[in-house]
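Next come two complexes built around subunit A: one with subunit B, the other with subunit C.
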Partner chain A sequence: MKILEKIAVPVVAFSLLIGTALLAQAENVKIGNIEPMSGPSASLGQQGKAAREMAVEEINAAGGIKSLGGMKLELIYADSESKPEKGVAEAERLINTEKVHILSGCWNSAVTYPTTAVAERYGIPFVVPVSVADKITEQGFKTVFRIAAKDSWWTRDQFAFLKDMETEFNSPIKKVAFVYENGDWGTGFATQWKELAKKAGYEVVLDEPYPSTSTDLSPVVQKIKRARPDVLMLVSNAADAILLTNTIAEYNVKLKAIIGSGGGHADPSFLKATGKNATQIFDIVEWETDVNKPGAKEANEKYKAKFGQNFSGEAVDAYLAMYVIKDALERSASLEPAKIIEALRATDLSSGPGMIVGYDKVAFDQTGQNKHAALVIVQVNDVGKGLERITVWPKTARRAGYTPVFPMDVK
Partner chain B sequence: MTRKTLERCAPLALLALALALPLAVQSATYMHILIVLLFYAYLTTSWNLVGGFAGVLPLGHSAFLGIGAYTSTILSLQYGISPWLGMIVGGVLAMIVGVLIGLPTFKMRGAYFALATIAFAEGFRVMVENIDKIGPFALNGPRGLQIPPLGFGLGKMLFADKEPYYYIILVMLVVVLMLTAFISRSKLGYYLNAGGEEPEAAMALGINVARAKLIAMAMSSFLTALAGTFYAQLNLYIHPKSVISLDLSFEIAFIALIGGRGSIAGPVLGAMLLRPVSDFSRIYFGDTLPGLHLIIFGVILILVMTFQPRGLQEPLTRLYHWVIDRLSSDRRTA
Partner chain C sequence: MLYILEDAINGILMGSIYGLAALGLTLIFGVLKVINFAHGSLLMVSMYVAYWTITLSGLHPYVALVIVVPIMFVFGYFLQDIVIKPIFKAEKNVREPITVIIVTTGVWYILDNLTLLIFGPQYRTLQDNPLRGKMLEIGEFMLSVPKLWGFGAAVLTTLAVYLFLQKTDTGRAIRATSLDREAASLMGINAYKIYNLAFGIGTATAGVAAVTLVPFNNVFPTVGVLFDIKCFIIVVLGGLGSIGGALLGGIIIGLIESIAPQFMAATWAEAIVYGLFLLVLFVKPAGLFGVKNDW
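So, the complex of A and B:
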């Protein structure tokens, strides 16, 4: 009997908890979030959770959804473990059992694909803060809305940035070199680069994949030197980004610009291991803490105080996603999925606490992709406080008082 | 009722219950959990033909699942061939691959065999991840293949509701269980058993142990590949990390170990215990205590292995016989 008593207390407490939770749920807008809470990408899932919580706290504290009589937002989480089949099962559950009004997630593109298909089948709106694979918004679905930029836009923005630099500094670019790791990521970027270079009228003087586990990249660097490109574009993981940067400095290769593609160039270890050699390198990222947007600094401070780290690109997108949802709900004034989808489609958000991203607006195109999503380009430089990553592009987000160095100073 | 009729009726009653279950379960969530449960029971039963009866521990069965999933999906996406046909093609392909792996590896013992199968499955995954196309067949590398949720119907093995999936996998499970029961009472079953426990002794008796194991491997890989097609049609998306993952191979082995390797009911019992634990702990703790369900999984495995090394089927079989005994009219008084 002792054992029974021991079990009975927690069981009763648990059911009470669930009971009250059910009661409380009655008048909330339920947002189901499928994120990798455990498994290999758990830290990203946790960041997404932290950012969503911060946004929803703010929204609820400011009076919830006014057009729905001050209804509060409620977040429900489900763990995908980064596995597509778990994501699908959880989407089914969130829709059928939890009766969520909106879905959001899933960070891993591989989970987001099949999960958005479930939402489409049930006609539930699905807001994707960030999952980069192009295909997600190219399935012809009516219920999917993605806020962040897609894969092909990274390369697009790198070229747009080059064009802008050419005009801004009146320094024409003729020859480009592509050097990239030989995996799916690098070769995918290179395929798009080649097309873009053709369109932009640049001559490709070097197209060089390399294994990112190499311990010596001097043959690659010699090839770069011989090809004499104006601009060198890279896709690298951490160790090879460091090796390339140091070897390029050693061989004194003269270039107008070096442009990284995030990944290794954005890794915290990169600046530590390259030091001065990384000066004036450009890199493309989703977000940088110094972005010149009202409220960005404050939001980052708040986030840092709460969760002990800076906003990452992923976290900012998740934060913004909650404000996009809030905005749509204000306009739909209804919890009917079709009405919410209609409102999301008509989204035209350019201000408010969520808009701390590098671009100016959220508005979705026919496929559900945010047409204004863009990335930011940073330049590594020392402006008196040691080397740091300084946002330079788009111009509207550029750090006040900083002029990018283009072409690079000859060392 | 006599003992004999009871023993005959019990499985039929269970089957009738399983057939009627969708009438009681209205929620798509629970239907999905049940389907995945049956899917794992089926997979583990197929695995059991080699892993249980032949006494070796293959840990690379996800490779066969992958072959099945990819074959039928590519055939249906690119050539419009019904997954039902693709399923068989995938099964035959997997069977050939299974035999090719079995030929050299069945000479190995214990951990070496397990390691060799892991190596094969991992190598296979890396290959698929790095191949965009084999001739005209687009594998799509690490990006995987997606089946558009359009054009539902039996011929396309694509359904808007959960019930058809439930009945398909239930039938598949019943068939493979009947096959297992048949084999365990056939000469092949005895050969496998003997070869698994005492290969030298079995060979001394003139049993071709290697041949028996190869036959078991061929059947097992064929059946596993069929489940691959089912997986693809249920989840509508496959990529190397989901269908050819070590996680999946291990989970199959866990279910078999907990349920009881080498028994007919073991895999089903293992799936019935582990799948709900995994699903419900993820549902309830996935948010607040992420990762807890994996710990629960591990603890159960340790406890069962320590206290019930032959799996849960042993005490449950005893219980089953006791119940049958109580119910039957011609009670044995032993």
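So, the complex of A and C:
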């Protein structure tokens, strides 16, 4: 034993020494990712991780960052547990100990908000794929770049979509009804809707917050029916979205369009539980697997084969974030944070493997918000393969060969 | 005016179903003197049993009663016998067995989470059955057919339970136990058996309520919670332990829920329900139809 120890110790020590020396030589671009890897949002953190890995694998396999001599991207993860204080601490650690060049994350807006402040203090670029709270890019920071559309753009795009439908189908909208769950989420949407309706010149004939825990929504549906709106806009959780959809069909409420706001309308069990009652309902989402963009289908297939589920909006944004970073690094040709930030600010990305989102371009405004970001609007319909969500808006992302049904013509 | 009538009828129909859902709670309280916090979960389990029975057999929902009610009776009977009775025995000298309340809370969590584990968080609705989505249309006037059926079931079940308690020997024994456990025991009534029976019947009525609900409502693991609070309010409103009070309390809640939203936001209608609940507690703690009792 003694002899073995005498040999083993120096051998191990020596190999460790060589190992670290080798590692130090081949420097990578280190991207620190703060994501909820455990806790209530863990599955979203895992999706973000999977999408990043897929993108980085592709980028490295294609020769890394050419302007930096083929330097590879390296992903370092930290778990935020969805807790703001944990995110802040991890950002400090990633910057000071891991010496990351770029930060990315954190999915939960509540975590991203304080964490971007750490990056700002150190002058490290922070690419936010998908935390949607408006305030994240409204802090006057120079280092924050957000790719996804912000919160208030969901309602903006719902109204932009309505205007486009009016024009495309030459069918004017006059009266709108707002029916929404009475929590923070629903009332927040409704406040913005009222502003937008005023600007668009629509008359609001019903403004109805309801408790999501309702066991009977027929009184609300009766109100909708009696208000006779052209368009019904909804913010609902799952159980109430199903109940509303079925009750609206039962009471045979005639509408030109019903527009959901994700949430319950995007719940995986929504279509199954409503069946044909959901036909021709519109819903707004970050992304849909059928967006008509080059490479979207292939990327989704690859992701599905690797991780067993379809791309989610969050995952697509994380995937694109890696390509945005790659694009900036190619142009900065330097690992100096200020140079990377400058390059990010000059981003003008409209093609390449990452551009499988619904909108056409990534370019940041003064606040660091991607000014071209937009949501996707889908219509639930059956085109021969059962009910599915079909992308209809923006028009450039519309599924080939599909014409949206507007006004609705189901009984 | 026609609108109000339409809403009132919908309120009475829906409210009677709420009352039916609360019937088991009031019965169990009347006999065991224990608030059964697992009542919503028992309703939820019943809804799953009803959902699967109807889906797998393809029967008319109300034919499924023949299967759902016995299953739920046995479920309730043995839940009381195996899980709750030992606690009762351990606390038999305590006038108000608080521990039992805690145990029912435990049962609630276990049932909800077991269901989540087994069936997942999905929302389910009955597809293609004779009642789903059926409406009775008389001109502009629309009534939900499954709710009409539910109203019938609620009235008949309440009547049946009332008559059972009034007219049969077992019913008398249950009432005797609920009035005075000690005295009933001296008369040769096995109180624990009566408890099992009351729990079984209470759960079976939840089974009937579930059958009335599944044709037009969602089935998911936490659906019981939505009805739980409503049932508590109804039972207090109608009078703890009062069988007819449950039905009437339910109808009052249903009417408020259906008519109030036509004059204000639906959120406020809910506030009125809770406001009324507090008011009744202040003014008439025994409930609108309850008897003053030494509980």
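Throughout what follows, the second predicted complex is superposed on the first by the 385 of 411 C-alpha atoms of A that agree within 3 Å, B and C clash if a C-alpha of one lies under 4 Å from a C-alpha of the other, contacts with A are read in each partner's own complex, and residues count from 1 in each chain.
Here is the rule we use: contacts are C-beta pairs under 8 Å (C-beta built on N, C-alpha and C of every residue); 3 or more make two chains touch, one makes a residue touch a chain.
In this text, all values refer to a predicted model and were calculated from it rather than measured experimentally.
Once chain A of one complex is fitted onto chain A of the other, the partner contacts of A:L335 are absent, as it touches neither subunit B nor subunit C.
Applying the stated contact rule after C-alpha superposition, one finds that A:A363 touches neither subunit B nor subunit C. Of the two partner chains, neither subunit B nor subunit C is touched by A:V205. Legend: residue contacts after superposition of the two complexes on their common chain; A:Y251 is shown touching subunit C, with no touch to subunit B.
When the two structures are aligned on the shared chain, A:A133 is found in touch with subunit B, with no touch to subunit C.
When the two complexes are overlaid on their common chain A, residue A:K83 makes contact with subunit B while staying clear of subunit C.
Of the two partner chains placed by superposition, only subunit C is touched by A:K223; subunit B is not. Taken together, the two complexes place no residue of subunit A in contact with both subunit B and subunit C. If you check the complex, the residues on subunit B that touch subunit A are 27-29, 32-33, 36, 129-130, 141-144, 146, 148-149, 160, 231, 235-239, 241-242, 247, 279, 282-283, 286-287, 290-291, 293-294. Touching subunit B in their complex are the following residues of subunit A: 37-38, 42, 45-46, 76-79, 81, 83-86, 88-90, 92-93, 95-97, 110, 113-114, 117, 120-121, 133, 135, 139, 184.
Residues of subunit A that touch subunit C in their complex: 182, 207-211, 213-216, 218-220, 222-223, 226, 238-239, 242-243, 246, 249-252, 267-270, 272-275, 277. The touching residues of subunit C, when paired with subunit A in their complex, are 3, 6-7, 10-11, 14, 18, 121-125, 127, 133, 135, 142, 144, 216-218, 220, 223, 225-227, 230, 254, 257-259, 261-262, 265-267, 269-270.
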